[in-house]
Structure formats: C-alpha cells, structure tokens
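Note that subunit A is present in both complexes that follow, paired respectively with subunit B and with subunit C.
Then we have the complex of A and B:
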C-alpha cells in the first residue's frame, strides 16, 4: 500500500512534517519520498510542478490520486486507512467537532508564528516596518495565550482535543515544536511547552523529526523577545 | 497455512535475537507460545534443552515438530511460510539479496561488536570479572567502525537499511544496538542519521518494540541507580 505513495518534502516544514506524522500513525512506513532542499529552491522543480501548480511541499500522490495541501493529505490518509494504525478522527460527534476545530485553528497559530519568526523571509526589504513586526508579535502573544487557555481548561496531560491523541495533534504539533526551538520564552505559553515535552517522544513524531534539528538542537532565537 | 497450530518459541528476552523473533511474531500476529529459557539460570544447558538444541543457544523455533535454530534462519522461515507483508523479506530476488547481504554481515559486525560492549560493561562485572579496559576500548572502537559502515554502506539516504521499508535487517540490527542500553549507554548518541533510523524502526514496530525491550529498560534502571 505504502509502496504506491510518493511524498515530496522539505525538512522542518510544518506542513510536510504533519503528513509524515500521519503516515507513521497509520502504519504506512515504506512510502516513497523525495527530500528537497528549501534553500536551493528544489521544491520549485518540474517534478513537483507537474503535480502541484503551486510548486509547494508537501506534494503527495497515492497511486494515481494526487493529494496536495497537508490538511487534505492528512484527512485523506485517515479516511483511506481508517481501520489501520491509530484512529485519528473519533466517531463521537462531540469529540469530532473539537478535533476539526483545533485542526483548522492551527492555521492561525502557524501563520502568526511565520509572521514573526520568518518576517524577514516573507516580507521584501522595502516593505518591512518595525510597527508591523510589533503588531505581529502582539498578535502571536495573544494567539499563544488562547492555545494555552485551551490546554489549561482541559487539565494536565490532555492532548489538544481531549484525552486522546488525534488529528489535531498531528496537524498542530509541528507548529508548536517551533516555539521551544526558536527560544520562545516559556512564560508566553507554559501549557504548550508541557504539551511539547509530552509529545516529543511519541514514536511517530520521533520517527519524522527533522534531521537538522537532531544535528543542531537549538535554532535561531527569533522568538526570544516575544 | 490454515489449521496450523501455534509455533513454540524458546526465548530469553535478554538475548537480542530472541527479542527480534518475539517482535516479529507479535507484530505479524503469528500464533505462538513462548517458552522462557533463563540463560542466567543456565536453563539452556539442561539435558532437556540440549536435546532440543545441541548448540545450547536461544532462540529455537518448534513449528509443529519442525525444530529450527539460528534467528536468521527462523525469521526468514517465518517470513516465507506465513502471510506477512512482503517488505520483511521481499520475494523479488534483488530486494531479497539486499536483506541477505545485511544479515550475512550482521553476525560478525553489528552483533559481535555491540554484544562485546554489553558483555564487558554489564555481564562480566556481574559475574565477578571486572571490565577489561583494553578490551572494552577496543570493543567501542570496533563498534564505531561498524556504525560508520551501517550508516554509509547500508542506510545511506534510505529510510531503512535495505530500502524504503522496514525488513528483517532492521529488526535484527535494532535489537543488537539496543543491548548496550542496559548500562544506559546510547551507542547512537552522536549519530543523528542512525537515531532517525532507530526512531523510524520503533515507530513501525509500535508496541511490540517496547514490550520486548522491557527487560533492557529494567536492567538500565538498576544499573544506573547503582552508579
């Protein structure tokens, strides 16, 4: 089954990482993959463009079925392999509702994190403003408080959508992992940091952990002054 | 082979190849019973066991009267005769040859050197024979050389030792490399690529890995508590 899958990915990219976590959780090791270098713009190659007009990663194919967009790929894998590996979307409607909510809320956390940590990457030099970066930082601080509040309310050792590991965790952990790496002060999100400690040794997460992060455990301190 | 009775596996989980066998049996849901043979109590040297295996070694497989020794042979036999996913021991000759290539190399490389480190650091002192510093240093150097080859000759840029997917090679190798953990020693400590590989193997084996290695974790706890 996994043999007919192909994943184009870049190391450290949260969208790529979440698909890899999903593949591990669904016991789909053995998928074919091509590791591309972000720095060398390899994700813009013809091979990727042929499958994804946006020339983005992850670009994913299962046999003849192309499933780009990390959330789409994750949901597809859960649907196609529902009875295999970990159940990532629960049957109970109330639980499901929370899983879907937290999954899609991840976009907010991801974007706001990028807006601070990768401000210089995304915004051309002539368009950068101190005031904009300041505004982005304030927005991220508020966003972190919101997530911390969610975890606080659910109690110790809970996952993002309840007492079980679900698709919400698959999708959000790769974003959350950036905060300790980029030296975000612990007081900004103590619950998230606990959550990170709890999840970082999960087999599917360890198996897909970016290699450069193992080689160099500390990243730049772009979130140090948050 | 429908209607077959469960196989009998004679094991001691302190033994690396025994763990590989148990993990394989459990992970692939092959009906089996386990007969524990406590090496530390010399149960492999009893007349009864010697009748079963004159080599006095574990693991041994008894498949309804067909008795087989040597973990390599046992794993390959099970992979061939039971309905397990192809990736364990691929049918395609070239892919199968890669697994055989590793397992042939495994015994006097990965197994020998990782085992020596463990024996010198954990077992001999337990038996009243202190660690021999010269032999120990040599074992560590030999293991280092083996790990270089594991990384550069086998793993390279692949997800697993023999290709995209996990095989008997990874199972045998990982159990050997876990053995020095008994003293808290992580032989892959400074090797991120092999650490990644080990994490992938653990993820693919899920619960059966930790279950089989529980004795290693217990020994590690006792060993490190003494320090």
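Then we have the complex of A and C:
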C-alpha cells in the first residue's frame, strides 16, 4: 500500500511533519517521498504544481487520490487505514469530540506561533510595528496558557485528548516542538514542555524528526523574549 | 436528541453558520440556542466562558459533550448522526478525500476574505498600510480564481466536492455568501456566484440565514474594489 503513496515535503514544516507522523503511526513506512528545499523554492516546482495548484507542501498522493491539506491528509489516512497501526480517532463519541476539538484548535496555536516566531519573515520591513509584535506576543502567551491548562486538567502524563495518543497529538506535536527549539521560556508552558519531553522519542516522531533539526539542533531564538 | 443540544451563536459568523447548517442537514431542528450580539460583546459572557475558555462562538454542547471549534462540531455531528439526515462525508475513499480537502481549504478562503473585507476591523489605524491591503487583495483574487477553477472543472451545477452536497459545502457556503453580500465583482468568481445562487435557497441554508442579513439585505461594500 505504502508503495503507491508519494509525499512531497520540506523539512521542519509543521503541516508536512504531521502527515509524516500519521504515515508512521498507520504503519505506512516505505511510502515514496521527495524532500524539497524551502530556501531554494523547490516546493514551487512543476511536479508539485501538477498535483497542487497552491504549490505548497505537503503534497500527497495515494494511487489516484490527491489530498494536500495536512489535516485532510491525516483524516484521510485514518479513514483509509482505520484498523492498521495506531487508532487515531476513537469510536467513543465523547473522546472523539475532544480529539476533533483539540485537533482543530491547533490552527490557533500554529498561527499565533507563526505570528511571533516568523513575524519578520511574513511582514515586509516597512510594514512592521512594535505594537503589532507586542500584541502577537500577548496573544501567543495567552494561547500557551490555555494549552498548558488543558494538560494540567488532564493530569500527569496525559496526551492532548486523554490517556491515549490520538490525531490531536499527530497534528499538534509539530507545532509544540517549535517552542523549545526557538527558545521559548519554559515557564510560559511547563506542562507543554513535559508533554514535549514525553513524546519526542516516540518512534513515529523520531522517525520523522526534521532533517535540518538533526543537522542544527539549535534553532533561532525568536521566542526567547516571549 | 436535539433537545439536549445547546448552541451559542452570533448572526453572520461563518463558523456559527456552518454549525447551524450541519444541524439542519442532520435533521436536528429543535436544538436549544442563544443568539448573542457581537456588537454588545455578549459572546464574552460568563455562560459562554464556562463552556469555552476562548469566549468565542460557536459554543456547542450536546449532553455533556462540548465541542466549540466549528469544523470539529461539524465532524462530530456527522459522526454522531451518521445515518440521520444528509450524509455529509461519503464512504467512498476518493470522494471522502476530496470532501476533506475542500473542507480544510476553506480556511484559506475564509482568512483571505477576512484579510480584505475586515482589514480595518482587525488592523489598528496606526498599523494599516496600503501595500498590505493591496497584497491581501491580490491574494484573495488568486484564491477566488482557484475555487472558481475547481467548480469549472467539476462541471455544471456541481457542488464543491462533486455531484452531492457534502461537508465541504456545509463549511464553505457561509464564507462564499460573503462575496455577493459585500459587493464582490461578479467577474472575480462567476462560477462561485452560480454556485451561490444554486444553494442559497436550500432549506438548511435558508433556515439558518443570518438574521441581520434578513433585516439588512445590503451589506457593506468592502469587496467592491476587488
């Protein structure tokens, strides 16, 4: 099955990473893939564009099925390989609701992290404002507090949506991993940092760890002053 | 069943509207609800905060299950009432993949619409730049072209993910409805506008049509110069 899959990806992109974790969890090792360089703009290549008019990664193909939005690819993989590997969306409705809730809330954490960590990347020089960056930081601090509170409430050694590893962890871990990497002060989210430590050596996560993070274990310090 | 549901909502909010369409499609009419005013900041009330630490709408409760992210609530409703009302996520894997793909792509269209239509609302006066708004407009025009192309490719009278109404339509229609309302030039997305005409009188959509749009059928013209 995995042999009929093709993933175009860039190293370190949370959307790519979550699809790679899902593939690992569903025991789909051996999928074909092509590692593209963001810096060289390789994700804008014709090969990607032919499958993805947005010219973005991940771009994912399984047989004739193309599904490029990272959350969509994850939902698809769980549905297509429901009984293979880790069950990522539980049958129990209450558990399922929490998985969907935390999964979709991840967009908030991701966007707010980008708005601080990559502010200079996204906002052209003449349009930058200290006031905007300050507001973005406050918003990110509040967001982290929320997630830390979720974990606190779930109790010791919990995953994001309960006692089992689920789709919520698949999609959110790659975002959470940016906080220690970009030197976010531990006190901003002590429970999230415990969660990070608990998950970072999980086989699916280790197997898909960003290549450039292996080469350069120290990231920039754009979250140092959070 | 619907009697054990409670929805807190504000009129015209695409996230609220999509949950209301899902409730209608799943034949869950009769759910309890509370209409809150954005202008009066009523969504920040204690009643909402008790269920939703983000103090946002939609806030949705079914029995003891709380699920507030609009996409999550929609996925939950389809899962909990799979065989009731309209089937919103098909069994066929290829069809399902396209539903997930278009569903999740909706975030792009929504964000880019907000970035133009509500630019002055989201960006404080001293931080506004003509260059940023121009870039946002170009990005929205490209996004609309993409969606128009999707519909063009699907053929006459198609829904967003094929010949049936699906979850992709549930989540995306409330965003699409903003384009005619805010006076977006028809030539920017002629196929989307045909799609809008085809769907606007669908019972689930008509039953959940924003109250303030009924009272004031003409919206602002913030998309007029797109």
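One rule holds in what follows: the second predicted complex is superposed on the first by the 226 of 226 C-alpha atoms of A that agree within 3 Å, B and C clash if a C-alpha of one lies under 4 Å from a C-alpha of the other, contacts with A are read in each partner's own complex, and residues count from 1 in each chain.
In this text, a contact is a pair of C-beta atoms (placed from the backbone, for glycine too) under 8 Å apart; a residue touches a chain by one contact, two chains touch by 3 or more.
Not measured: the values here are computed from a predicted model.
Chemist: Where does A:146 make contact in the superposed view: on subunit B (first), on subunit C (second), on both, or on neither?
Modeler: The answer is second: A:146 touches subunit C but not subunit B.
Chemist: Look at A:32 in the shared chain and tell me whether it touches subunit B only, subunit C only, both, or neither; answer first, second, both or neither.
Modeler: first
Chemist: Quick check for you: in the superposed arrangement, does A:69 touch first (subunit B), second (subunit C), both or neither?
Modeler: Touch partner of A:69: subunit C, not subunit B.
Chemist: Can A:97 be said to touch subunit B (first), subunit C (second), both, or neither?
Modeler: The second partner, subunit C, only.
Chemist: Which partner reaches more residues of subunit A, subunit B or subunit C?
Modeler: C
Chemist: Go through the superposed model and pick first if A:126 touches only subunit B, second if only subunit C, both, or neither.
Modeler: In the superposition, A:126 contacts subunit C only.
Chemist: Is A:225 contacted by the first partner subunit B, the second partner subunit C, both or neither?
Modeler: So A:225 meets neither subunit B nor subunit C here.
Chemist: Looking at A:4, would you say it contacts subunit B, subunit C, both, or neither? Reply first, second, both or neither.
Modeler: In the superposed model, A:4 contacts neither subunit B nor subunit C.
Chemist: Going by the contact rule set out at the top, does A:107 touch subunit B (first), subunit C (second), both, or neither?
Modeler: A:107 contacts subunit C only, not subunit B.
Chemist: Going by the contact definition given at the top, which residues of subunit A touch subunit B in one complex and subunit C in the other?
Modeler: none
Chemist: Would you mind writing out the residues of subunit A in touch with subunit B in their complex?
Modeler: 2-3, 24, 27, 29-33, 35, 203-204, 206-207, 209, 211, 214-215
Chemist: Okay, in this complex, where on subunit C does subunit A touch?
Modeler: Per the stated touch rule, the residues are 53-54, 64-72, 75-76, 79-80, 93-94, 96-98, 100-101, 103-105, 107-108, 124, 126-127, 129, 131-132, 146, 149.
Chemist: Spell out the residues on subunit B that touch subunit A in their complex, using ranges where they run on.
Modeler: 87, 157, 159-160, 164-166, 192-193, 195-196, 199-200, 202-204, 206
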